[in-house]
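Take this structure first; my questions come after.
Chain nomenclature is as follows: A, B and C, assigned in order of appearance, with residue numbering initiated at 1 for each chain independently.
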Amino acid sequence: MRKVFALILSAALMVNLTGCFDSREIDDLAYVSILGLDKGKNNYLQLTVQIMIPTSIGGSGGTSGEGGATESTYVTTVETPTIYSGLNMINNLVSKQIELSHAGMLVFSKELAQEGIQKYINALSRSRQIRGNMYVVVSNDSAREFIENLKPVLEINPIKLIALKMDEYRYTGFSAPTTFINFYIQNKSTCMQSTATLVAVNRYNSVDEFKAENSTYKEKERDKPFEGDYIAGSTPQVGKTKTEDMGLAVFDGDRMVGVIDGQEVNYYLMLTDKFNKSSLTLPDPLTDESLVVLEISRSRAPIRTVTMKDDKPFIKVHLRLEADILSIQSGINYESLDYIEDLQNHTEKFLEKEITRLLGKTAKELKSDICGFGKEIKKKCLTWDEWQKVEWLKKYKDSSFEVNVDLKIRRPGLMVKTTPAYSSEGEVIR
Amino acid sequence: MERITIGRWESISLLVMMINLQIYLNLPRVLAEDAGTAGWIQIAYSTVLILIIFTALSLLYSKFGIKDILDVSNMVFGRFGEIITGIILILYLFFAVSMVLREFTENVKIISLTQSPISFVTSFFIAGITVGAYFGIQAIARVAVLMVPVSVLAHFIILAASSQYFEISNIMPILGNGIDAILINGVEKIAYFSSINTLFIFSPFLGNKKNLRRVGYISIILAGFFMVANTLAYLLVYPYPAATENFLPIYQLAKLVNYGRFFQRIESVFVLIWAMTAFLYLSFVFYLIIHTFKKTFRLKYQRTLIPVFAVLTFTVSMLPQNLVSAIEIETKYFRLVGLSVLSMLLFLSAAGNIALKIKKKRGNV
Amino acid sequence: MGTFKDFIVKMLFFTEPEQKSDFFLKENAFDKWMNRNSETYGNKNIENANMENENTENVNDGENPSDIENEEVERHKNKIKQPKEIKKRKKDLDLKGSDKPGPNVYNNIEENLNYIKERYSSSINGDFIIREFDIIINKTPVRAFIIFFDGLVDRTTVNLNILQPLMLLSNLDIKSDEKDLVEYVKRHLLPQNQLIFTKKMQEVVDGVNFGGCGLFIDGVDIALVADVKGWEHRSVEKPTTELVLRGPQESFNEVLRSNTALIRKILKDENLICEDIIIGIRSKTPCSMLYIKDIVNNALVEEVRRRLKSIKIDYLMDSGELEQFIEDRPFLLTPQVSYTERPDMVAAALADGKVAIVVNGSPFVLLMPVTVPVLLHSNEDKYVRFPYANFFRFVRYLGITMSIFLPALYIAITNFHQEMIPTDLLLAIEASREKVPFPSLIEILLMEISFELLREAGVRIPGPIGPTLGIIGGLILGQAAVEANIVSPILIIIVAVTGLGSFAIPNFALAFSFRIIRFAYIILASLSGFLGITTGIFLHLVILTSSKSFGVPILAPIAPKTATKADDSLMKKPVWQQERRPDYLNAKDDIRQEKFTRKWEKK
């Protein structure tokens, strides 16, 4: 009986010898933080990955590491037919096994996006390793250049850099939360189109190279460009951060058809109720040379109504916003009850004009319903066949818009009125 | 030996868990395919239908107290009928166990253990099932009453946490593919509630004939509510045509949970909960197979059957060549088999009632 | 279930495992059990007890125990024949004096003396004293002698209460007309409070062995045994293992009567019965079974008594041994009998309807039946206000979960589910693991085993070095190991937190069991991550829910749910709301206090 028991016990213990097929030690893996896809010269695709080097990020055990001068990531590029074959090739190059489960960003180059990225999105969504909140961005230059130039300055961990950077839309409004899951859902949705944040490497190397022609201010009939009137890559800035994100790439289906610039992204966020707060610069209502800066934030969700007027959509949007005054350059007492109405009305008109311009651009030029107005019609249909008959995405280009902004200025900051400075010539009035 | 009884809440947990298992497998996707954005309406409709059927069944069954269906068929058709019913039930349960085992191991393989051979993963389940069936139905029922509330709670946490992606327009248009699609295809969806058949197999353990009806109603209502909630959440996140793509709908929902940089990608914790549900389901149905087998053929010993059936289950679950064929077999034939067993139950209870009446008449006259 | 070995072997060989009878604590079993005689009870067939079932089928799980046993016995008898020498040797070894009738007390004192000298080997036995003297009765000296063990008796009592009256006071003129010598001695000469008169030598020997003083008088064939116990023993001190901040600070010592006195002085109930049971053929250890007669379920008392009486061993040392003899499943890791050192715990348990066993020579008193939620309670929960008590309980449960699962979760997450870790933490772990040569599983096992070594060593180190070693071991060894890159720093934290969690468990037996279970979970987790852990939890729970402790399911009142579930199992209700005793004990008198106890609130 003892022998039998010994046999059984040894058989049971042999389970441990089968090994753990899936057990991979945490330091046997190489973690990818950014994936980049470019159009290949001799092949379909050029795949770039940025791999994190843990010892310089995490510090080494008990002894203290040196300063942050060491590289925390390194970048590899291969030319390959598909994403997974590319990962195979990179696995060959890198000493550890590639693991995608911590990837934070997916970069497409502009040429690739203009050809159509449906197959890549489908390929990635089939994998269990990809995170849903990986950001999808389109790079104005090539993806490889962007990834090589994306270096963390204020932090060491590139994932933290990506997470913080992509979250900036909450207070600047110049990009949008274009996570992979949002992109995927919008892509496959029948009532809206997808967008991706636009990124690029900044083209200026010194302050003397700044040019104003790269901005869109002229189309908006302004004298000088405001802070949002740029797209990624042409913002006049010089410094340690070489990469920037501003603007959105607009897709029709799975092809990129155009871009909208930073300020317009603000309006896009307002229209889709993703807006949090940002600052708005506008010309002074009563004088012509000064500017007023307001900090606008979301008050309530926008009310959108869509009706079909003989097969053309008529879209009516009612936005509700709040504002705090940041700066009044002219010193006019807009904080008082007499003038505050003026400022409010002027801001409302300004916003209405700009938003209508943006919507017209999406309808006529881009022909892409990024704000998802199709949802309102979809809610009214009773069955799926009815909705299919509406064929919203085809009809969007014929739509007309009416925008109504309701802005209330709440707080003036710390100053209730501005008294002028006194100079040798009396009051200073600018 | 003391007669083993299961309490009321234990049976309710068991039944709710058995019906809810379908959610983890492929229920929301199938509903989306059939009824479009109105999948949740369809399953609510099926719940109402099954409630009606169950009322009819329990009314017919009320004269039999807590005898199980084998005794009823014995009364109607004699020993021969009992054997036939027993064989049908055993085949049905066996089929359920093997297919669910295969699907679950495939799920686990896709989600976490991608490189292990499937026999390795199945052997974990088989070990758990064997031990569970060895210790008997009381142990399984008590573990169920401990684990099922935890599992339901975790499930609601997933649903609540994915609420940041909810978009009301995703379930519009409200009637989906049309009223006919909902109503007519909804009838065959009552096969998802076919686990209610097992209530009539383990009814002797319930101890009290009032319990049968109460247990049945409460479990159907709870399970129906849960299914509707799950399907609704899934459809609110993924818009209609894309909703038919996902193989593991609830897993995808769990994957989306994202609060800050720290609370992300916790779907593996939910794998824990689902694996526990699978263990409970499989060991319970396995125990029922053995119990039915012993009762049909009037065997003396029960526990010696466990290794035999374990090996059989393992082998049969390896039969389908790939995952897609396993799913197809399960959805196509399982519905048929489930519905047919349900109708067999109805028929037998009706026949049993008639047989009782005849006996009374003969007894009086 | 028998042993694990039986289960596995019999499953493989397709034989049916033996059915031990399962004892169920039923609530209607009071008077029926009291009226049964011991024979039918000993037949182990409780099937007849289930009367009140409706017209339903008797769902038997298929086995009739007596049939199987008879069959097996038959089979055994035909197979195995013992050789004759073993049979004979067994007879000789057969427990000394259990049912042999010993000789009676002789009339002649010389014969008594010789017998005693031979029986006790008094020429060799150094501490055995024989004192011969004369008693004066009616002016005639009668020879007598006393026997006792030096050191076991209280010398003063022997001198003053036995020798002095017999030797000196017998001279006095006692006004009595008692003719019988023994009666005369008993009634007038021996001012001793516990006396036994016996004709059997064996009883005298038993009495003297345990601190009595035997008195033989010439011409009388009755001997007297006086209870003059007085050996050196520990006084009532603070408890060593179960310390509380608030609550009485007394603990049991090794003397049976003083222990029972400590309990009785708390309960002050005349219904508190203290039954004597002698366990051990040679050691004749006196044990006491305590219960409160009008609360406890009689079936429980019967079962405990049955188990105690059927043990046949020769020496019983300690209550720990006794526990292993009477528990349901000796191989189950969870204890089924709890023990305590504090009289207030025993008193509270008795007031709930449990049974306690006090063993002479052991300061730990056994309590039964026990359930796992009760094992997780600490004594302090009763004496401390209820918000604090619930908070401490919550912290304790957290500690317990961590002590079982934390290493297994660490291995599962870092080896199988790396996507769950926040990226910052992941990179930190990976950076620190870069220089470590071992895989995580080996690291964890190394650290756990060295931690267990440390704990074992720390128990035995004497005096002031003990705590220092703990600190040294923990900090410096751990730090040195990290510096030498043998383990990664995060592992030190995990092992330390696990150890701390296991210290939070009030019952030591349960803590020991968790130390073992933790290793099983680590191995399962290293096999397949979360699936392995789930399998482990499922198996663990199934085994737990089907084991019983004296007829009570060990996870009651969580599973199966009973009426008073929420009173005191996981979270504690305030003491003025606990109206009923625990339901799973099926006590006779279920109500502890009325529904509304704080009557001053009503003005």
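Just so we're on the same page, a contact is a pair of C-beta atoms (placed from the backbone, for glycine too) under 8 Å apart; a residue touches a chain by one contact, two chains touch by 3 or more.
Here the structure is a predicted model, which is why all the values come from computation and not from measurement.
Enquirer: What chain lies closest to the overall centre, CA atoms only?
Expert: If one averages C-alpha positions chain by chain, the most central is B.
Enquirer: So which one's got more C-beta contacts, A-B or B-C?
Expert: Between A-B and B-C, the larger count of C-beta pairs in contact belongs to B-C.
Enquirer: Could you grab the centroid distance between subunit A and subunit C? Build each centroid from C-alpha atoms only and quote it in angstrom.
Expert: That pair's centroid distance is 69 Å.
Enquirer: Where the centres are mean C-alpha positions, what is the separation of subunit B from subunit C, in Å?
Expert: 45
Enquirer: On subunit B, where are the residues touching two or more other chains?
Expert: In subunit B, residues 112-113, 116, 120, 261, 264-265 touch at least two other chains, as defined above.
Enquirer: Which subunit C residues reach two or more other chains?
Expert: 12, 416, 419, 423-424, 528-529
Enquirer: Two-or-more-chain contact residues of subunit A, please, as numbers and ranges.
Expert: In subunit A, the residues touching two or more other chains are 22, 101, 131, 160.
Enquirer: Tell me, which parts of subunit A touch subunit B in their complex?
Expert: Answer in residue numbers: 18, 21-22, 101, 128, 131-133, 160, 163, 181, 184-185, 188-191, 372, 375-376, 378-387.
Enquirer: So in the complex, the part of subunit B that touches subunit A is made up of which residues?
Expert: Within the complex, subunit B touches subunit A at residues 36-37, 110-117, 120, 165, 167-169, 172-179, 237-242, 255-256, 258, 261, 264-265.
Enquirer: In the complex formed with subunit C, which residues of subunit A make contact?
Expert: Of all residues in subunit A, those touching subunit C are 1, 4-5, 8, 15-16, 20, 22-27, 29, 31, 52, 54-55, 57-62, 99, 101-102, 104, 129, 131, 157, 159-160.
Enquirer: Quick check on the complex: what are the subunit C residues that touch subunit B?
Expert: By the definition above, subunit C touches subunit B via 7, 11-12, 14-17, 19, 22, 24, 46-47, 50, 53-65, 413, 416-417, 419-420, 422-424, 528-535, 537-539, 541-543, 545-546, 553, 555, 558-561.
Enquirer: Please give the residue numbers of subunit B that touch subunit C in the complex, ascending.
Expert: 1-4, 7, 9-10, 65-67, 71, 108, 112-113, 116, 120-121, 124-125, 127-128, 131-132, 134-136, 138-140, 142-143, 145-147, 204-205, 207-209, 261-262, 264-266, 268-269, 271-272, 275-276, 279-280, 283, 294, 299-304, 306-307
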